[in-house]
Every structure is written in C-alpha cells, then in structure tokens.
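In what comes next, chain A is part of two complexes: it sits with chain B in the first one and with chain C in the second one.
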Partner chain A sequence: MSWRTIAWRKTLESTLIPFGAILVGLLLFGVFCAVAGANPFAVYGSIWKSAFGKWSTFQNTLIRAAPLMLSALCTALPARLGLVIIGNEGALVMGGLAAVSIGLAIGTAAPPLMVQIAMGLAGMAAGGIWIAFAGALRHYRAVNETISSLLLNYIAIALLNHLVGGPMRDPSSLNKPSSYPLAAVNMLGTIPGTRVHWGLVYGLIACIIAYVLIQRTTFGFAARTAGGNIRAARIAGLPVGQLTLIICFLAGSCAGLAGMVEVAAVQGSVNESLNVGYGYGGILVAFAARHNPIAAIFMALLVGGILASGGSLQRTHGLPDATVLVFQGLVFLVVLYSDSLYGRFSFFKEKPQLVAPPSPPPSPGQESVIVS
Partner chain B sequence: MRLHLSRRQVIRGLLATTAFGATVKLGTGCAASSSDTVATDDQPITLGFIYVGPKDDYGYNQAHAEGAAQIESKFSWVKLSEEANVPETTAVAESMRSMIDSDGAQVLFPTSFGYFDPHILKLATEYPEVQFFHCGGLYQEGVHPKNVGSYYGYIDEAQYVAGIVAGLTSKTGKLGFIAAKPIPQVLRNINSYTLGARSVKPSTTTQVIFTGNWAEPIKEAEATNSMVDQGIDVVTCHVDSPKVVMETAEKRSIFCTGYHANQSALAPKGYLTGAEWDWANLYAQIAEDVKAGKTLTEGGIPHLLRGGLKDGFCKVSDYGLAVSSEAKQAADEAKAKLMDGRLVIYKGEIKDNTGAVVVAANEELKQLDPKLESMNYLVEGVLGSVGS
Partner chain C sequence: MAAETTALGWWGVLLAIVAGTMRGGTPFLFVSLGECLTEKSGKINLGLEGTLLTGAMTAYAISYLTGSPWLGVLMAGLAGLMLGAIHGWLSQQPRVNDVAVGIAMIVFGSGIAFFLGKPFIQPSAPQLPTINLSNAAMPPALQAALQISPLFLLGLGIAPLMSWFFRSTRWGLYIRAVGDSPDAARAMGVSIFKVRLLSVMIGSFLAGIGGASLSLYYPGVWTERISSGQGLMAVALVIFAGWKPVQCLWASLLFGGAQALGPALQSVGIQEGYYLFNAAPYILTLLIMILTCSPKRTLSGVPGALGTDN
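Right after this comes the complex of A and B.
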C-alpha cells in the first residue's frame, strides 16, 4: 500500500518540476521579448503555432528532434555509470564517415536494404569504438573521460575535414569539398505520409531500448550500482571495466547511428555540414532529461520545437536571430536549476508516519535513529 | 412549440435569400475585380532570404542582407521574409518550406553555398511554382529543376584593384591573405589580389594562411598577429566574417583591405579599400523581372546570372585616408580597364609558385572561362601551398 503512495508522489514530483521549470523559462523569455520590443503573448502564440500547432509544423519539430534523441543517449547512458561523456559530436562525425565509406564501397552491388543495414552497423560500430576509446582511457589509464571525449571531438572533425578535402573528395565538388554521393537507391526514405525521415523511429526505439536496458535488466542494475559507488560495485564483484566499455560502446553507437542517418537520409554525402552541433545539442538534452532515456524523447521534442520556432520569431516578430538561442538557454538554465528543487517540497515527500515502524519499543536513543 | 410556415412563405423566403446572396456575391465579385485592376501596381511580392550566419557579420551575410534591405526600401511592393543563422541541414529545407507556406514567398534567395545540394533541389521539385535563386553558380542545364537559378559575381576583379592599392601602400612589400579553404573561389581571389599587387610592384609577395573553416575567429586573429610579426603590413582575407582580421590589423597598426562588405568602420585608420559584393543591383533586377511576370521556368530570367565590376555585381570600397594619390590613380585606371574589357587578369604567361606554367604565354582566360572555375594553384609570388 505505502509504496504505491510514495511512487505516485515521486512521479508527480518528477513531472511537475520540469514542467514548472519550462513555464518559468517561458515567463523569463516573455520578459526578454518585451524588452526586445515584441509582444510576449503573440510570441508564445507563434512558438506554439510553429512548433506544435499544425501537423505540418509539428513535422518540422520532429525532423529537428530526431538526431537529438540519438545523440542525447551518448551522454545519458554513460551518466548512469557516473561518467560525463561529451564526445557526441565526434562519435556522430565518425558514424557518418564510416556509413558513407561502407555505402560507397558496396555501392549498388547489394540490395538497398542490405546496404542500409551495413551503413547503419558501420556507423554504430565507428561511433561506439570512438566513445569506448574514451571509456578505456578512463578505466585503464584514469584519464578524465570528459576531457578526453571532448578532445576526441576535435580529432574526429579534423579527420572529417582531412578526408573530405583529400582522399575521399569527389573532384567535382569544387567549392564545397564533399565525398562522392551515395547512390540514390541506398538513401533512407521518409516515413510514409510524412516528410520526417526514419531517424525519428530509430531515435524512439533506441531511447526505449536504453530505458529498458538501464532500468529493467540486471546489466542495467549493475551499471547503476557502479555509477552509485564504484568501490562498492568492485567489492560486490561487478566487472566495472567491462561495464564501462560496453556502456560507452552503446552510447557511442547511438551517436554514430545519428551520423549515419544524417548522411543517408539528409545530406547524401559526407561534408562539413555533418558537423553542425547535433552532438552538442544532445548533451543539453541529456542533462535536461536528467539522463533518463524516456525523458530524453520529450526533451528532444522540446528542443526541436524551440529550434523550429526560431524562424517565425525572426520573420513575424522581427526578433534577432540569436533569440532562439536565448530561449533555449533560459529553458535549460531553469531546467538545470530545478534539479536542486527535488526533495525541497514537503508535498512530494513521503509522509513520516508511513515510514515509521508501527510500534517501536520505547527505549531512549531510538527516536533519532528512526528519523535518519 | 412549432413554427408554422405556408409553402408560399417558404418559397418567398428562399427566393429572397437567393437574391440577397446573388447580389452580395456579385457585389464582392465586382469589388474584388476592380480592386485587382487597381492593385496590380503594388500587389506585394514576397521575397525570402536565408542567411547562414548573422545579418550583421560585416561579411558574406551582411552583403546579402544589405542588398535585400535596399530593394525593400526601393520598391514599395517588395515584402521581405528573412531568416538568419540557418545551418546547411534539414533546417534550411524547413525554413524555405515555412517561408513558402506561411509567408507566401514566391521567390527565394537561400544565399549560402551549401544550401544547394540537396536542400534547394529537393524543395524546388516540390514547389515548381516558386523561383529559387542560389548564390554560387552551380546550376546545370538539364540536370537541375527549371525553377532554380544561380548567380555569382567575379569579385576577384575588385580584389585585383585592392591588390594594386595594397601593393603601392605596403612599405615592406609583404602582403598577407587569411583564407578559409583552398577551394577554387578562394584561390582565385588570392591569385587576383597578388597579380594586382605585382602588376604595380613586381617584387611583392603574399603570404597565405588557410584556417580550414569559414568561421574561425581565434585562428584568424592568431594568423593576423603572426603575419604582423613577420613584417607583413597589409592584410586581407576570404572568410565569412572579416571582422576579426580587420580589428586585429587596426590594433596592430597595419593596413588592411576588406572583403564581402565595407569594413571601414572597424579599421578607420588602416582600411585602404576592399572588394565588396553589390547585390542590390542584381536583386532589384530579379525583383522587377518577377514583377513583370517573368520566371526561370519559362526562360524569362536566365538560369545563370554572372557579372563583375561592370555589371554591378561587386564594387571597390571608397579609398581610405592612407591611400596615396598615386595608388588611387593606378587603381582607378585598372578599374576602368577591367570595366571596358581592356584588362584581362589571367593573361599569360602566368606561373604558379612552384614554377610550373599555368597560363600559357599567348593564352587569355576571360572571366567566363570554365578553366578559372576549377583553379587549383597559387600564382608566383604567393607564399603557401594548396595541399591540405
């Protein structure tokens, strides 16, 4: 009986606090708009209309959210293990590079579905190995994983620029160096009846799998234990090194898949447009979602919606182009700050009488133990 | 309670409403048609402009935004729909779609080079009635949709003139060029600048540094500083926003020549002149053509629009305070010759900086020559290399 009540209050807490935070963010943004000379209520109206209002505009949000879901997992998964990985951009770039390499190598020698699967696997493997490398450095050499994964981003981007400017360059791409284009039949299509590419479905599936893996399996339990207290996990006999490598590989493979989707569904070849910040956007999404893969879906939709509304803010309200970044920044600041509010409201707390044992034997000194 | 109506009443009522409806319809019909004939002169035409960076970057995007703003103030019937900071991803496809669907844009100018393939091509097939003009000169007859056009200017003519001013102003004979990538468009500017400088002072050299990307403010500042330390006393650049280069040059008290837009406000002492885009002429021309009912699809507007100083696609900034009268005279003379076609920049014999002949002795490569479009060398006098 009692655990039900507690779960209900906890769920309410973890829903109301982020929503409240977003509302406060909107309020602050309204003040900003008023100062910038726009009517805040009209601005709210256009944000709603251009992000979620109509099916056509909601697709815009979905298109922008798709890569963020996959890239967010690259930060969210290792975070459960206590690692702060920010190498999303690098893993995404490596995934895109590997996918195009495989796609071009096979060409039209195999049926398109096979080529697409091969490209997906190649992208996942490349991204996975990239982040697993950061995990290995952490485990075997005690290199700070945040710094190493950040630096790996620069290496990946440099490698991308080198390859598309040199060995992989299509000589006909004169003024924007690119690889040779993928064969049109090997491109990923759109979900029937929409203009949203399949990356959205991959993102949703990956987030759900990640959630189940972390929350509902012994493997996930082991990872969370190691994330909670690494020494306790070692004493309990958990293979911490193995866990680190596997989780990092899975995390990187999600970002790698995002890179594959970007080249196989959008760009058609690999060039500098692969490196436009989906990785960094994913970090924000992961933190705002408190590293919960299901929450990451909704956060990705929120960010996608914010980005989708950027155009109408500029066009109908004459606000500067950086407004959308201000909006995004405000929402994230407030969401991150709201993290410190958990447990502060007595309403969401489990009632003490539910925890207290029914009939404690009256002896001095016992009370204080109960309270703790 | 029931309502009792005789058949006669019902018929009368129906007749009355029909008549009322008909007259009202007729009335509005008349009003609409008459206002149509009145309004043809200032029926607004919505033009959509998309920029890859901010509109006030003192560079590539500002040049386009200034052109757009000028036609908006020139023609009362032009309505602008503008979006800045749009990356070359699905974001630009969504922006174009929204401009067409929500703002009713009939003509789009997605200005960044990377918007073309696949984004513009995809949207152009989806919206065949909308005209797409892309800056970069990539259109190929028969390959790309009919409602797509390309425009680009030979701004290297203006760079040649700026090179003359730089060459005659430099005391050390060493010029600096900070460039993003070794691609044909950029190489052509570096080469024309150097050829201009060496046409008046053959011993001049141009040190080139490639930063690797279009917006690398830190590397651009470092490159400028290291050039000053090497004794270079005039710098210019080909990056998206020349702001940092110009400001650093001014801070280090050397001269600079601008690119893309007018940067004299950033370097009031050292700004000599610059190669600027002048899109207002072209944009006004296109807007008037569209207004007159011409389209790309029907061939009323050519698919490839190109031009240099003569056609008003680009211009040379007003000379700064430090420019001598001798330099002004030499630059104006070259400008006049370029405009009437007496001067061809790529006229043999030209060697590259490894000693190989790239333009033969009696060869003349005019601006339209496709050989210039795939330039992959640096001319003699340029210090640096193309290989990455």
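Right after this comes the complex of A and C.
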C-alpha cells in the first residue's frame, strides 16, 4: 500500500515530461511555420481539427494509428531485451506479401473468416521469421541486430518490387505495379458504426498482450533481466538464446500483422504503397513511448494524427506535404531530448519517507539455536 | 545511350558497370567516409540519409539561385554540418539513444529537404563540370563512362588523407582514443563531448557533399526520390570496410558497381530479377557480416565505445 503513496511524484514526472516535450515540439513547429509564412495558430487549429477535433476526422487518425501500434511493438519488445531492432519496415512488407499470397491462393474456396485468419497467421509468421532471423544472427553469429535488421528492410523491399513487378503482377495495373487484388469478401471489415477497420482492435489487443507479457509474467521478467545484464542472466541459467528468438519472433509477427492489416483492410493488394513509412514511424513511436506498449498506443495516436493532418495543411495553408515530416521530426527530436530530463527536476524527487523502525536484529545466541 | 550499349553487347554491360561504379560510388564514398569519421569517435549517425537529402536539395537550390555549382557544394556541406550539430549534441545527452536520434534526424532532414526543395523540382540547375578523359573517336558509351566528376576525385583524395589523419596526427589520436576508450581519453584531458560533436559535424559535412554529388553530378536532378538509401547504407558500408577510410573507398566502388549491375543487365535485355540485383549490395553486406562476425570475438577495428552508453 505504502509504495502507491510514495510514487505519485514519479508518475507525475513520467506524465508531465512527455507532454511538455510535445508542447515544446509544437512551439518549435509554430516558429517554423511562421518563418515559412503561415500563421502558426491557424496551422495548430487545422492540425487539431483534422486529427482529433471531430469524430469523422478522428477516424482517419485511428486508421493510421492501427499499423503504427503494431509496428512499434517490433522495436519495443526486443528493446526490453536490450536489442535495437529497426527492421519494422521489412517485417511489415513480408507480412503483407505473405498475407496476400495466402489470400489469393485460397481465394473464395473457404469462408471469408477462415481466409482472414489464414492471412493474419501467414503475415505474423512471415514477419516473425524475418525478425527472428535477425535475432538468430545476433545470438549465434554476434551480428549487430540493428544493422542486420536494417539490411533486411532493403532485401524485403527488393523482394516486394520483384514479386509485384513480375510473378505476382496483375497485368491490368499499369502505372503502379500491383499484385492481383484480394477478393472483396476477404477484406477486413470496419468496426460497426465507424469507418475504422478491425486492425485498430488488433493493435490495441497486441499492445495490451505485450504489456502483460513483459510486465506481469515470468517470461517477461526473464526477458527484462537478460536485457538488464546479459551475463547475470546467463549465470542465473536463463536461456538467453531462446528468449532472443521468441521475443524477436513475437516482435516481427506484430509488424507482419501490421502488413496484413494494411493490405487486407486498406490497400486490397500488395504494391509499393506498403512501405509508406509505417515501419520507420513505428520505430519513432516505440522510442517516444520508451518501449512501453501501453504508452505506444497513445504515441501511435499522436503520430497517426500528425499523418492524418497532412492533407489539410496542404489544402488550407498551401504548405507542402513534407510539412508533416518536419513536424514529426521536430516532435520526436524534442521527445528524445526529454528522456535526458528525468531526475533533473528536484520537484519530482521522492521526499524521504518515514519508514517503520527495523525489527531488532536477532542476537547471536538465537541464531545459533536456529541453525542447530 | 541504351541503344549504343546494346550494340556493344557484353562489353557495354561491363562499361556500364564501370561508369556506374564511379558515378554511383561517389555518394557512397562521401557518406561512408563521413560515417567512418563519426563512428571512430564512438557514435553512430543513422541520420545521414536525411543529411544526404538536405545536401542534395541545398546544392541544387544554391546552384540554381546563384549559378555557381561549387558554391552549392559548399553550402550542401554546411547544411550537413548544421544537421550534424543537432545530432552530435542530442545524441550525447544522458539516456538518449543515438540510433533513435538518427531515425528522428532522417525524418527531420528529409522533411526539411522536401519542404524547402519543393520549388526546385522543376527548374534545372547548372551542373558541376566533369573532367573528360575520352575523345570523340571513342564509342559514345565509352565517352559517357569517362566523364569523371571532380567530386569523385576529391573523395579519392580524402580517403587516404583521412587514413593518415587517424594514424599520424594528434587530433586523429584524440578521436581514436575517444572512440576506443573514453576513460583513457578523459585521463588524457580530452573533452569527449567536443571531440564527438566535431566528428559528427564534419562527418555530416562530408555526407552533405555526397548529397551534392547526387543532385549536381549523377543523376543530376533534384527529386524527392533521388536517394535510394545511400545514407542508410553508410552504416553497413563502414562495417564492411572495417572502419578503415581506404577500405571505405573500395567498398563504395563495390557498392556503386553492384548498384549499376541491375540497370546494366536490363540494357541488354535481361529484365528478369532486376529488383533482385538491386538488393545485391544489401545481401552482400549481410553475408559478409555473417561470415566475419563471431560470438567469440568482436570485429577487428570496431571502436570500443560504439553502441555503449559512455
């Protein structure tokens, strides 16, 4: 009971610092807009309106947040093990490719729900294997996982272009090579009463499962221990290799599921639109959320909102579409900087609490009695 | 050009690869030298992709506005220097991960480049002059291959110079000390913060010039898709080169050549696997890392403080 009363200052710190950082990011962006000749307050108004203001527009934010949540887990989960994985884009692409392959292979031979489940599983398996490969290289060959997962991104994108431009190409897609489209009945539906597809629910569930897995299970405890000190974990007999492979597989399968959601709910087929930046966006979400899956939900909403406001900035303020990139970059630079502020403000320091007097140490005589 | 290459047959393929090696290798050369300098000081700069794009845009815009491509090259370097200052300062704050800062800098740098570069997509800017080693009697494909950029020659000079700098100068020693063993550097009385900040900044200056070679030499235009990930590849290239500047030169040529392989084969009618050939450099790097890494020892030449918190 007592730790709850003690920890409020820490909780306040970990809430106020990210929010303060986002405010400072907004301020810097306002300065940037003013220099570029737009009225910053009008720009803030447009962003708010087109991202969060109305239910009809907030749905656009939710649609973009769904793949970001899933993709963020691809970085956040391995981070708890001390690994910096940035292969989100590659796992997402592989997931999308696998999902469409299965979806096209089954076609309408099975009920839509079965097809969707098969596509989801295929996406998860493909993404999972992709990142588990980076994990295996790390464990068995000591290949830096950041670099290998980065290279795997490029290999996945090349594979996508190869398959979409050749073996899987729908001849009727002229300007932008695409695969054959999925059958309409096999597409993921929307949540009743909204335009938001079920991918959002997948994202929320995945984030909650990830949180419980890492914070509330022995498996998660083992992973965090190994992330804190790998030698201590080895000495304690933890199966570090197994942990690495399993965590990397789970991480990749989340990004793979994001790819499946994108093709089965938004694109309908697989083409180069699949790598529109949800991969790198997910990395930013993970770091900004400090690798906490629940915080990642909110960060994904924020980034989804920024992405959703791009069109309106272009239309109403004549700002180029790259404005959202500048905004996103500024916010994340400030959020990353804010990580260094923890513990710098004395207000958030826990005051020494009165503790119960320690029970008197047992006298040597008693101890020997116990021993004998 | 494509027709000429077809006429030359397989010699044309070889020639196209040689030409592509020098043209495509130039940006690789500058970003990898920049990344090499940065990593020698113990920090990773993944944000060179953003720096490259900003450099390409700045060089093109300045060249268009002033008519002087060389001023464009200089300003591209300075633009890189400024992005490097942000990265160098931010990535040295406590608990701030340099990989994460790098990714934020990719977003920020490419955002700045696309934002400011929007008006310059249409107009054509004066290009850097090239040094022509061919004569009119040669077949056109050969002539095109022998148009050598002064920037390529500049990079060719910087690689051994940087190698000498690390080996034989006091400042080179400081950088190596800070990168290998920050504690020893601190004992020497070297400011780790300043050395790393300067290394990241000058590394980004070089990457900015790499961007200039994209927009003012080859392909010689400014579009939002001008970089095909050369900035991100820099990190892999430096590993491939074992953190040695002269090896960076060979690695850049190899990667430039591998990049030219796909289009060159396409020009003789081999369409199959075009994109897979594009992936050749990445697969090659991965294979080399798998073969050279081992859990029993660290890579030779890796700066000791790389990827650690101090």
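Operating definition for what follows: the second predicted complex is superposed on the first by the 345 of 372 C-alpha atoms of A that agree within 3 Å, B and C clash if a C-alpha of one lies under 4 Å from a C-alpha of the other, contacts with A are read in each partner's own complex, and residues count from 1 in each chain.
One rule holds in what follows: a contact is a pair of C-beta atoms (placed from the backbone, for glycine too) under 8 Å apart; a residue touches a chain by one contact, two chains touch by 3 or more.
Every value quoted in this text rests on a predicted model; they were computed, and no experiment measured them.
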Looking at the superposed three-chain arrangement on chain A, would you call chain B and chain C a clash or a fit?
clash
For A:G82, select first, second, both or neither according to whether it touches chain B, chain C, the two together, or no partner.
neither
Per-residue contact with chain A, leading partner among chain C and chain B:
C
After the superposition on A, what does A:G165 contact: first (chain B), second (chain C), both or neither?
both
Between chain B (first) and chain C (second), which, if any, makes contact with A:G20: first, second, both or neither?
neither
Partner chain(s) touched by A:A322 [first = chain B, second = chain C, both, neither]:
both
Could you tell me if A:E272 is touching chain B, chain C, both of them or neither one (first, second, both, neither)?
first
Classify the contacts of A:G30 with the two partner chains as first (chain B alone), second (chain C alone), both, or neither.
neither
So, A:T146: does it touch chain B (first), chain C (second), both, or neither?
second
Have a look at where A:P112 lands relative to chain B and chain C in the superposition and call it first, second, both or neither.
neither
Touching partner for A:L284 - first (chain B), second (chain C), both, neither
second
If both complexes are laid over each other on chain A, which piece of chain B (39-47, 111-119 or 219-227) hits chain C?
219-227
Once the two structures are fitted together, what part of chain A is touched by chain B and by chain C alike?
161-162, 165-166, 321-322
Touching residues on chain B, where the partner in the complex is chain A
54-55, 81-91, 94-95, 97-99, 101-103, 113-114, 117-118, 136, 181, 183-185, 212-213, 373-374, 388
Chain C contact footprint on chain A (complex, rising order)
36, 84, 86, 137, 139-144, 146-148, 150-152, 154-155, 158-159, 161-162, 165-166, 280, 283-284, 287, 319-330, 332-333, 336-337, 339-340, 342
Which residues of chain C touch chain A in their complex?
86, 90, 93-97, 99-101, 103-115, 118, 224, 229, 232, 235-236, 239, 272-276, 278-279, 282-283, 285-286, 289-290, 293-295, 298, 307
Spell out the part of chain A that touches chain B in their complex, as residue ranges.
50, 56-57, 60, 63-64, 161-162, 165-166, 174-177, 262, 266-268, 271-273, 276-277, 307-308, 310-312, 314-315, 321-322
